[in-house]
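We just call them A, B, C, D and E in the order they show up, numbering each chain from 1.
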Amino acid sequence: MALLEVRNLNKIYEIGIFRKKYIHAVKNVSFSIKEGEIVSLVGESGSGKTTTAKIILGLLKPTSGEILFEGKNLQEYFTNIDTIRELRRKVHAVFQDPFASYNPFYPIDRVLHQAIRLIGFDPASPEAKELMEEALRNVGLDPKSILGKYPHQLSGGEKQRIMVARCWLLMPKLIVADEPVSMIDASTRGGVIKLFEKLRKVQNTSILFITHDMGLAYYISDKILIMYLGELVEEGTPDEILSNPKHDYTKRLIESIPTLYKKWEDLEKIKV
Amino acid sequence: MGETILELRDTKAYYIIEKNFVRAVDGVSLEIKDEIIGIVGESGSGKSTLSNVMLMSIKRPLTFMGGSVKLYTNGNELELTNINREELQKKIWGRETSIIPQSAMNALMPTKRIRSYILDVMKSHFEEIDEKEIIEKAINRFEEIGISGEFINRYPFELSGGMKQRAVIAVATLLNPRLLIADEPTSALDVATQKMVLKTIKELKDKKIVKSIVFITHDIATVRQIADKMVVMYAGKIIEEGTTDEMVSEPLHPYTKGLLFSVVTPEPEVKRRGITYIPGTPPDLINPPPGCRFHPRCPERMEICDKEEPLLKNINQRRVACFLYEKR
Amino acid sequence: MYGPKPLKNLGGEGMKGLKSKFLVILISSFVLLSLLLPVNSTAQVAIPRDETVYCIGGIWGPPTTWNPYAANVTWGTDPFLFMPLFYYSNAKDVWLPAIGEGYKVINKTTIQVKIRPQAKWSDGKPITAHDVAYTFELTKKIGTGPGAGWDAYVASVRAVDAKTVEFKVKTPNPNYFSFLGYALGTRVVPKHVYEELEKKGTGAVREFANDDPAKQVVSGPYKLFFADPNTVIYGRIDDWWGKDIFGLPKPKYITHIVYKDNPSANLAFEKGDADWASTFIPAVYELWEKKGLPVRTWFKSKPYYMPDGVVFLYISYFKKELADPTLRKAIAYAVPYVDMLEKAYFGYSPQAHPSYVIDVFEIYKQWIDYGYSKYLWGTKDGKVPTDLKKANNILDKAGYKKGPDGIRRTPDGKRLGPYTIEVPYGWTDWMMMCEMIAENLRKIGIDIKTEFPDFTVWAERMTTGRFDFIISWDAGPGYDHPWNTYRFVTDIRLTLPFGQSSWSGNWTRYDNPEAIKLLDEIPATLDVARRKALISKLQRIVQRDLPGIPLFYGAHWYAYSEVKWVGWPREENAWWYPAANWSANSLPVLFGIAKKGETPKVPAWLTTVDKGGVLIPTSLIWNDLMKATTK
Amino acid sequence: MFGTIFKPLFRNKKFIVAFSVFILIVLMGILGPILYPKDPTSFAGKMESPPSKEFPLGTDTYGGDLLAKLLNGIRTSLYIGFLTAVISMVIGLLIGSISAVKGGVVDDILMSFTNIVLTIPNILLAILVATYLKVRSAEVVAILLGVLGWPWFARAIRAQLLSLINREYVYLSRLAGYTDLQLAFEDLIPGIATYALMAFILFINGGILGEAGLSLIGLGPTKGVSLGIILQWAVLMEAVRRGLWWWFIPPGLIIVALTSSLLIVTTTMDEIFNPRLRER
Amino acid sequence: MRDHTLNPFIKYLGRRFFFLLLTYFIALTIVFILPRAIPGNPLASILSRIFQTGQANPELLRSVERTLMEEFGLGKPWFVQYVEFITKALRGDLGTSISSYPKKTLELIIPVIPWTLILLIPSILIAWIIGNTLGAFAGYRRGSLVDRIALNTSLIIGQIPYYWLGMLLIFFLSVKLKIFPGQGGYTQGTIPNLSFSFLLDVLSHYILPSLSIIISALGGWAIGTRMLVVNELDSDYVSFSEHLGVKSKTIFGYVFRNSLLPQVTGLALSLGGALGGALITEIIFNYPGTGYLLFRALSTLDYPLIQGIFVILIASIYLANFFVDFIYAIIDPRIRLGQGES
């Protein structure tokens, strides 16, 4: 059984009372994620991938379609306080902007405290402290130099690591990672990616990895979904997609990405 | 490799913010020849500031702290640091040097038709102009670059992103400048358009519209596709310089290595190679670490590293600033 | 395609285009706007200052109409344009024959008036008895207009012949006061003009603006010369029909600028830009005492102004406990009359006499029963003294005990208050008086606050009777004074039950059949001695029950400046009164003044008949009526 | 946290000067009538006398002590300004946040309503409504001004909230199982607090100036003394053209000092907070 | 995606027009509801006027009261009154004035409107132009001494209420220095005419009230434009143009032009406030415009006249608003071509 199953998901935004405008952001999207699987959802901005993520996280209501998590319908089952808490423990997220992920008014401890409370501990208790420190060490951070600081005192990479530490505390079944590394420096990016891999390895967490970067998707995923103008246009393993793209859009995408080890000129020469 | 177009010698430019010096460009020497040169660095490495230094476009809080910037124009040698901003604007910028700005999307005056903007640019440089001739030339340039000459009659907001970017390129190169600086010109575009624009930039050189291009980016893969030569910056300094091919196949500086191996592209080589990262965070440019600025993050750190500053030394055709190679 | 083809380039190129465009817009809007200004390209630019009397205080808004049948005529219409048969002067209690030449008493119920043979409308048509009769009939039909309400007292108005009009008093219970007022004092309108209008319906009569100087048909020596929202100018008719009888009034123009408010009008007066003032001027005496300006009021010293009606402290009968005459008497003792007139009113009036009779006019003093007032209030002039101790004593004796809060309770245990004393917001002199009265009332154990609502709220409370204490006026002095004042304050028939708005008088809803009987008897009595006795009876009632406590006399705002015009009537040379420029009977003033530098001469006709003039004392008319047969 | 946020304010010279001026005037309003306990409504002195020992700011036409009037007037004007601000604030916050949170048709309707109120010139509307309010206490005037002043604030709050609601940290709090109430108190309100504080100050200004404007045309409070009412009487009594400067200059100066000091306080706050809160 | 069916320019204007029309209708409805929602006797003022001036006897008062009640007759069902009110208003009949009975309110309002317009429009435009130019120069030299002085004085000047500034101007320039006349629209007692001397007279009376509006509106515009210019200077097209060697003067022109665009809409938005201020200025200066009339209407509680003025003023503000929208749409190509509106 798939951990998460998305069936015929649609999202239409309506704007205005007098002059209604409709934006069909997500069109008939269906896919599934197995336990322990890393699935990438690839598309350019405006392709509907973030909307899909928000719907899965329960931050947005779909116009139609259903989402099954552990076989339970998201819209129907997770409706009361207890089940919502359950869902929050089991499905969590890391977002793109490490700066916007922290409320500037609070020390960064807050995001960890929130997780601690969610798993039923008092953030002030020694056990909680222990857990937090362990989680921070797990993401390669020194608890002493991190705790009590305000967001603007840390770098983007550190902030994203703390976000992963938060997931570490929660041990969710599924992490929706929406462009988690696109806003951090290239030299530190690898570290965060490795943390996701570690999370999957240690906790068998499934990850829905949302990105515009084909290279990243190719590197990290078990399965890649290509999204274009709200629709899922192609699905396959990274190697399948890279070597044998079927949809025009995928082809164009792969052709256009700058590569490190081959030069376009050379590639074009080979084709000719 | 051809004539020298621009020469920087030990240039320093700091941002002065609340009495603190942010050493964004700290002793950079560089020769730009008849080539496409890619400057690579992470955010905060000083690469964009360097582009301003190349043009001597210094505006508070950025302050030029020393060094020399020489521009060679058909036999003349101009020391840009001795020319005031007004003169630069009048005689150098747009004529000898030009730029494609970071966010080219909003680079064109939004409430003017491109045609009228072009005329303004021309009027700024020449006392008398023949409007018809200029428009004709401009239309030609547009078409050379691969967009319809009719777009000249439009407002910028009437063009799509890729078109707008190319219109900017066309306007920037109207006077066939010798040096073109492109500062992350593709970062806001989708991948397909990115490729198109990159090709356009490369063609500028191929069609001899400009002599040399400085391409500034954080993305090594892009540089790889376009540049002949690559310069890597870290914390306000150049730490390595060489031809693109060599740099990619055999990086010398530990930072270059780290950067290169943290790049993921959809290539089987990447999967084989794996992904690495550089621990720690880029240094604070107000109080940079002593010695080699990379030493706190360097996996091959030696004793000397936090005491002395490694100089940029020539090694074969390349230059690198690292004690690893000094000892050799 | 990325979009529609661009429109023609409307954008303008850079700064230069923008700048010049704004300049063009600016200039053209200026020019355009100046063309809109309401200018008169034909009229004379400025009227000669020397020939003009400038007035203030008569009009505070844009002029409206010059039609006596409109409910709201523009200032000047009554005094300068339309004449009555007789003008009345209440200083001397005399009648000045205007259109009328004389009267003839036919019997006790009938009087005939002869119209001057010379009298003509300004269009040359003679003024006839038919005009007079028609005026009255039209008023009755329209409901408003000259002599509105006449039919309650006048039985008939009939043209005996072209120049003789006959009035009959309504019987039984003839009201000679009202009858004479209507018959002699009503303004006459030209029948030939109004007949035309009436054919189009009563609406046409009411809406007639009569604002075209060329078409105005008037009987007076002036007609409209120019009017716009800020100015009204009347010009003299140099071939006026009365010039051989009365001469011509001296000013060629009478101008009134519409000022924003009192102070700005007063400022013009102070600067010598206005000559004839009918405004409230704070500390008017400083103008000549301190600033040395050639300015005066009627009196050189206190009270400076002639009186113009009694101002009362009214206490409503709406709250039962306030009906107690003893309580009212204590309140009357507590009012700080002298102090408040001095501080709030600049001493412009003496304390009002408790008999309700205005004692500033010699002629009215005969009606005061001094003996009773002196006995009642224990003062030399019979006026109420301010005596808090006495007020407290009265209340103590009557069983009004003070509660722990210092507030008295009625003998039945009802707390006195909280009450309010109110006048409209912005009537500063009265507001100040309220504060002072309230302060004293609190000292005698009444819980009272001041409240200064908007005029309409105040008026609503006043006319519905639902108030505690207010300061307000009475009907004003006519030749029927003091009867009209008694009637206004005590006649329950003038008003409606509590809660229903009635403007006609008796705000407090004082109800006393005894008073009503006297009110009906007095105007029917021609015998002066008997009338005095009846009035004395009524005085005892009002001083006992105190339906209103007389505070002071409202001033007849009249001040003049001798910068351009001299010879104005005043106390020492009281050749005509009323003298305020808005008074309907002030026209004669303009015949007696003179340009600065000329010697003013009071017209000879401004003396009583026995001295060779034309003025007829009211007593003469009463005598004639007394002597007449009943038939 | 708030301490660290507000500290830099007190290092800014402009802020210190403006803030001191404001506090000084507030103290005048609060303590003035106590330290100078003369009745502002009494008619104590000689009419229209210039400043003297007995009457430091002279007297008006009725011999009223203008200093007593001024001190009490400051108090009333501040009170009206403050009350106006509270009312505008509450309405603006309610409409803005309901609009932002509910979205959809509710948002459309509320925003259309807001735009309509915004488009009807509120000075004229205030004049019209005040005309019909017969007895106008200070509170009534404040309510009137407050009820007309909120639209721009509602729009701004809506915009701010919309951007806040879509911040990642708000999502993360929601993902941590926060209820709407918790979310509002911990994440949203602090986010708009400084903005709201600045708006509050501007509303106080609006209230003070609005009261003065209404009073000048005779539509101010019908009881008590305010700065506007002092000016109104100065105009009514032609104090200006008669050169009685002590009557109309002090209240005007106070209004200008009060409103400009408050404005400078907000602009310096804006200068200091904006970069700190917007850019990390 | 853009809609190709209608010219976006016309669509934009149509939408603005519809919105303003709707708002105007609401304003009319408020005018209708207010006097009916808050009870009071509107005839009180006219009756008291007769009462105070004439030798009013009770009979006269009673008959006048009866007649007036009929004339202003209420008592019909409210929706009938409403329909009557709206249809009358659309026909230009805004009722009969009470204090100037029996004049129609419109007859009173129309002659004063040109005075207000001639005071208001040039003053607002001059303030707008000077303020924006000052602000632009200050913004262009941001951080300089000139900028700081200009900014701080603008801040404070912007806080001076029109009316108080007016009082100061009268006191210093008219009463003390006697340079300009301190009240009225022209010398009192002269009859308006088209002669040169009269126009000169009007102009000399015009200067002080106009100046008080200009000075106090100036600061706000200067601050706003300065901010916009500072923002605009940071935009990409400025640095691009600089690096293409475009003349500083030309760049300043761009910045100014683009900063002015939002200020044009700002002009429309400020009209209401400016009008309110001008009304009070007129009262201070006894200037014979709408504000002066309104003041009279207020002091005599002439409700129909107050309402009439309100209706006319709102209509003119909306017309002006629409006009500014029109101009804005013409000069900003983004609106004209149907993009960039929000």
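The rule is simple: a residue touches a chain if its C-beta (ideal position, glycine included) is under 8 Å from a C-beta of that chain, and two chains touch if they have at least 3 such contacts.
If you're wondering where the values come from, they're calculated on a predicted model, not measured in any experiment.
> When every step has to jump to a touching chain, what is the lowest number of steps that links subunit A to subunit C?
Graph distance in the chain contact network comes out at 2.
> In the touch network of chains, how many steps separate subunit D from subunit E on the shortest route?
1
> Taking each chain's centre as the mean of its CA atoms, which one is most distant from subunit D?
Centre of mass proxy via C-alpha means gives B as farthest from subunit D.
> Using the touch rule from the top, point out the two chains with the most contacting C-beta pairs.
Ranked by C-beta contact count, first place goes to C-E.
> Rounded to a whole Å, what is the gap between the Cα centroids of subunit B and subunit E?
54
> Distance-wise, how many Å sit between the C-alpha centres of subunit A and subunit E, to the nearest whole number?
Spacing between the chain centres: roughly 55 Å.
> Distance between subunit C and subunit D based on Cα centroids, please, to the nearest Å.
About 45 Å separates the centre of subunit C from that of subunit D.
> Can you tell me which residues of subunit C touch two or more of the remaining chains?
3, 6, 11, 14, 261, 264, 454, 456-457
> Where in subunit D do residues touch at least two different other chains?
134, 218, 241-242
> Give me the residues of subunit A that touch two or more other chains.
none
> Considering the complex alone, what residue numbers of subunit D touch subunit E?
115-116, 119-125, 127-129, 131-134, 205, 209, 212-213, 216-219, 231, 234-235, 240-243, 245, 248-249, 252, 255-256, 259-260, 263-264, 267
> How about subunit C: which of its residues touch subunit E in the complex?
Answer in residue numbers: 3-4, 6-7, 10-12, 14-15, 18, 22, 25-26, 29-30, 33-34, 36-41, 43-47, 49, 52, 54, 60-65, 70-72, 142-144, 148-150, 152, 178, 181, 206-207, 209, 226, 228-231, 233, 255, 257, 259-261, 264, 268, 273, 454-457, 459-460, 463, 473, 475-476, 478, 484, 487-488, 494, 501-505, 582, 584.
> Touching subunit E in the complex: which residues of subunit B?
Residue positions touching the partner: 55, 57, 60, 86, 89-95, 97-99, 101-113, 120-121, 123-125, 155, 157-158, 168, 171-172.
> In the complex formed with subunit A, which residues of subunit B make contact?
Going through subunit B, the ones touching subunit A are 42-43, 190-192, 194-195, 198, 218-222, 224-225, 248, 255, 258-271, 275-279, 281-282.
> Once bound in the complex, which stretches of subunit A touch subunit B?
Residues of subunit A touching subunit B: 44-45, 140, 155, 157-158, 185-191, 193-194, 212-219, 238-239, 242, 252-264.
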